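To keep things simple, chains are lettered A, B, C and D as they appear, and every chain counts its residues starting from 1.
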C-alpha cells in the first residue's frame, strides 16, 4: 500500500509499505479525512531524532476495515474519530490519579502514531487498544470538526486545564496558530473573563476574536510584557502555545503570585530556558509551571466531541485550506512545511469509492 | 431612617430605625438598586428562626456615604457592588485552603446582612470589612448586571464549581428559578456539553435555552428520572437549585459513579432526606455530594464582574419586574412573597436626588 | 478442582468446579495466603443478591500458574499480590481523571472476584488484565502484610484520601474493625493531628492506639456526638468505617463547615439514611460527603506495598487468627461469619508442596 | 529599646530604636525565644536589596505586652506563637481559593517582619492583624518545638504539599539543612514510601534518617542524578530545599512524567536557571514545577502545632545550639552567619524577669 512520509530526515515522499495487520486488540482503519500538523513536518526535519521509512500523520477520521478478535465495540464499516494519542491502557503508570495519559510506558510514548507506529497518511493504518481509544463519529458532528478535536482542540484545551482557569480569570495566550486559537476558545469555555491573545497574522487575529479573545497584543506594537502590564497588570493564567524558550521568561514576567503558566508549545530541541531566578521570585513566587502533551484516549475525545455536538465550539473554522483525494496528502504536507502566512490548518478529504 | 423588613415572624412593613454608624473597618452605604430574594421572604416567614424588628434585603448596588478610619480603598461617593456574603476576614477558619468563605465564625455566619446586621432595604446600611468586601462598580458593567452577580450568579456559579464540571460533561440542573438559570449559564461557561434543565415555567424555559440548556425536562411529561435516563443514561454532574429533599434521591438515581451532585437549594427546615442506601451504592458509589452557600467577599465578586464586563454572561436578563423608587421596595417584596408564575426576579432602582 | 463458597444464599460449603482457563490477557493463580472478609459472608447471606454455586474470597497472595498469550510481565512461578478490585482497563469510564477505578463498566463492576468471577478460595482462580492488575510480591514485604494491603489497607486508606486529610487536621474514625484500624493508620500517615477513634473492643482499641489514635470514644460512655463535641468541638474530617445509616447523622453533627465526611462502610441494603436537612445546614453547610469502594489495580497496590516495604505501616498486625492449609479456609470462613468478639482478621496460609 | 539587626548592607550590630506602638489591629510582643535563620543573614548581606537601620529576625515565640483596641482574642500576658508570615488579611488577593497566603499585596509581602517591619530580635516587636495571625502556645507544646513550627516546619511541610506527595510515593529531598530535614519529616507524615535525602553533613544525615529518610545520597559518592537513577529510576516527587539553580536540572532529570518538583529553596538573586528544553521533555513532560514561600497566618500555625502536640513530629530536634539571654542574639546571629559545619539551627531563650 501507499503512504506519505519520510524516507529519512529531511526527505519526504510516497512510501510503499505492507498493509498493517491487526493484533487481537487492534483495529485497521482507512482514513476519510486527515490533517497535516506542524509536528509531522517537524519530525520529517529530524525533530524527533533519526527516523527512516516512516509514514507520517496523526490526525484522522477514518473507517474501520478490520478489528482484532478481542475488540468488542467496533466493526468493519464504522466511522471513527482517532485520538492522536493512543495509550496502551495496560501500562500501569496510567493508573496514577489525575495523570495525563500521553506518557504510558515513558515520556510521550502514547503518541504511537509518531513514536512507534506508521501514521495515518496511508491507505490503511493500525490503532492499538481500539476499544479504549476509538470513538464512533457521533451524529451531528461533522468530519471536519471531529478531525480538529483529536489534536488541535485536545491540546489547546489541555493548556486551559493545566492553566487552571477559574471563573473570571484573566488569561493570556501566547500564539494564535491552531493550538493557540483552540486555547482561546477553551479559555472562554472554561470561564475566563478577559482573554489577551498574542499574535499578528490577520486571519488568525480575526478568528481569535471570534473564539473569545477580548484583546490582541502584537510584538509589532512594542514589547509584549510592557503592553500587557500596561493594559492589565499581572494576570492569573498564561498559556504558551507558540514562541520559543524566551516565552517562558515573558510569561513569568506577567503572572501573579499564585497564578499558573501552562505550556503546550513544542520547543525546539536545541533551545534552553535561560531564566534569571528573580523572574520566579527567587523560587518563592508560587507561580505554578506546567507543560504537557495532548491527552488522548476515547474518553477525552468523547468529551471534545460532546462540546462540538452541543454547539459549544467550532474547531472546523481552523481549516482554511481544503484538499480532495488521497493523492493530495502530498500537497497538503508541503503546504504545512512551507507555512504560507495565511495558513491556519489544512485538511484532506478522501473518498475511497 | 426608614427600612423595609419584618416586625416579627410573618409580619412585614416599614420600620423606623437609627441610621447605622461606621466602625473603623466599616462602610455606610445607600442603595441605588436592590433585589428582593426568596430568602428574604423565607426569613420573614420564620425560615431563619425568630427575628424581630429587622430590616431585610441582601442584594444591592450602592453608594458609599461614609467609611471608617481604617478603610483605605473606598470613599464617600463611590459606587460599589455589595456581596451578599461579607465575611469577617479576621476569622481564622477562613484561612483554610479551598474553603468557602460563607462560614466565618460558624455555619453561614458570613451572611451578615441576614444573620447579624440589618439588610439593604434601607436608606442606609452598613458593611463590615469594607476594603475586603466591597468592589467598585467597573466601567462597562450595568447596575442591573452587577446586582445579579452578588447572590444569584455567585450562587449558581458556585453550584457549577462544586459540581466539578469538566469539558464536555453532561450536566443536569434541577430548577430554573434565577439561581438555577445562573447554574445553567455557569455550566455552559465552565465547559459543559449537554445541559439538561428541569423546569416548566415558559419564560424560564426560554431563558434556560438562551443561557445554554440543550434539553428541558418537565415533570408534566412524566417521571423526571425516567426521562433523563431514557434520553442520556446516567450523567456526570447534577446541580440542585430547586425542589425539595426528594430531589437528592432523584439526583442520586441519575448520577454516574465518580460523578458529583452539588446542592445550592435552601431546603425547608422541616424536611428530612429519606435516602435508601441503595441509591448511594450502599455507600460505595463514589458519587460525591456537596452543598454550600453563596460565596462572597470582594475577590469573588470581582471575578463575577469580570465575566459580565467581558460579555461572557448576561445575568441582568433575570430581572423581569422593574420598580423605580425607594418606596417601591414594598411592592417588590410583596411580589416576591406572592411569586406570580411569570416572576423571575424583581429589581428596585433608587434615585436619591 | 475444589473451592469454598456458596451453593446459594445462606448455604456455604466446598464446591467442585472446573479449573479456570486463561484468556489472552488473564493469569491463572494458585493462592498461598487468603483472608476471608466480612463482605464474603455478607454475600453468602444474600447481601449482593441471589448468587448460586459461587466460589468466594477476594483477598489473596498467590502464585502464577499460567498466563494468557498477551501477558508480558508475569510468568508461571511468580509470586504476586492480587488487588481485590481488578478493573477491565479497556473500559473507557476509567479514563476519567481522578476517578476511582472500582467502577469500570458500572457501579462496583471492577470487583470481579465477587461481581462476575469465582473467588480466591479455590485451588486455582483467574485474574483479568493480569499485566495491569497484578504486582510481584516485593522483596522485604511479608505475605501477611501484602495480603492486608489488597482490601483492608487500600480501603481504609481510601477513606483517608476521600476525607482529604490535611496536615494537623483532627480526624474522627467511626469503627475500629480492620478497615477502621487501617483508616486510623492511614490518617496518621497522611498528616492528621488528633485522631479520635470510636469503638469498644479491647484488642481493637489497643491496636487503634498503636496505629495512631490519640483518643478513643465508646458509646458505653454516653452519646458519641456529645462526647466528641465536648472534647474537641467540631472536627475537620470524619471517616465512617463501621456503624449503620445513622452514623451519617452523627458524622454531620460533628463536622465543621468546609469539612469532609468519607464513607467506606458497606451499609445493609435494607437501610435508609434519615437525615433532617438541618444537620446539613439546610443544604448550605459546605460539608462534603463522599463514599466509595476499595480502589484496585496494580498501581494502587504497588503504592500500598511501598509503604509496607519502607516500614511506614504494619497491616499484618490485623491478622490475629491464623490457619494453615487449604482445608482450613472453611474454618476461617465460619469464624468470620460468627465474628467472635476478639476477632480482627483471620488468615489462611497454604503450602501446596 | 535595643534590637539586633543591620545598619546597612554588610554591617550588623545592636540598634537603638523606639519601642513600636500598636495600631488598632496590632499586638506588641516581647520575644521569649527566637531563632536566627539563614534568610536573616542573607538579608544582612544584601540579599533583599538595600536596607538600613533594620532590626532582623522572624522566628519567635513571645509574650503579648499590649494589643490594639480592635483585637479581641489576645491580651497582655498571653504566650503566643508568631508565624514568620503575617498577612494583612484585608488584602483581596488572599481570597483566591487555594492560594498561598505569603503574597498579600504582592510577591512575599506577607513576610512583613522582613519586608516592611522591624523584626523579632528586639525588646519589643509589632505584629499586624493579631487576631488572624497569632496563636496561643498550646498546652503540651514546648517553646522550642513551637519556635521551629513558624518557618522551618511550615516551609518544609509546604514543600511536601506542593510536591503533592501521595501514599507510597518515592520522594527525593535536595538538601538536609533545617528546612530539608522538615521536608523529610513532612514527606513521611504525608505518606511517602521511599524517601531519598541528598546531603553529607553527619549530624544532618543522622537526623534525616530519624525523620524518615530511607536512603541518603551524597555528591561525594558520585553524580547525584546517576546515583538516584541507579537506585530507583525516576521518582514521583522532588523537593528542592537546598543547592543552587542547577538543582532544578537535576530534579528534572530524575522526575517521572506526571511527577512534581517543589521548590522551597531561596536562590541567590544573581543566579539563572539554564535548562535545556529536553530536560523538560521539550515542554511536554507533564512534570509540574512549583515553588513558594513559607505560608503563615494563625490557621497554618495551629495545624503545625496540632502535629507537634499529638506527637507526630519533633521539630525541636533541629535546635542543636542553644543560647540563654537577650544579649546572646548577637552570638547566635554570628553563628548563623558563619555556619559551622555541625550547625543545624540555633535558639536563643530569653527570660525577661
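A few remarks follow.
Assume a contact is a pair of C-beta atoms (placed from the backbone, for glycine too) under 8 Å apart; a residue touches a chain by one contact, two chains touch by 3 or more.
None of the values given here were measured: they were computed from a predicted structure.
In terms of C-beta pairs in contact, the better-connected of the chain pairs A-D and A-B is A-D. By residue number, the contact pairs of B-C overlap by more than half with those of exactly one pair in B-D, A-D or C-D, and this pair is A-D. With centres taken as mean Cα positions, subunit B sits 39 Å from subunit A. For subunit B, the set of residues that touch two or more other chains comprises 93, 96-98, 166, 302. The touching residues of subunit A, when paired with subunit D in their complex, are 93, 96-100, 102-103, 106-108, 166, 240, 245, 256-258, 263-269, 271-278, 280-293. Of all residues in subunit C, those touching subunit A in their complex are 24-25, 70, 89-98, 101, 129, 131-132, 297-300, 302. Subunit C meets subunit D in the complex at residues 157, 161, 166-170, 186, 188-195, 214, 302-307, 309-312.
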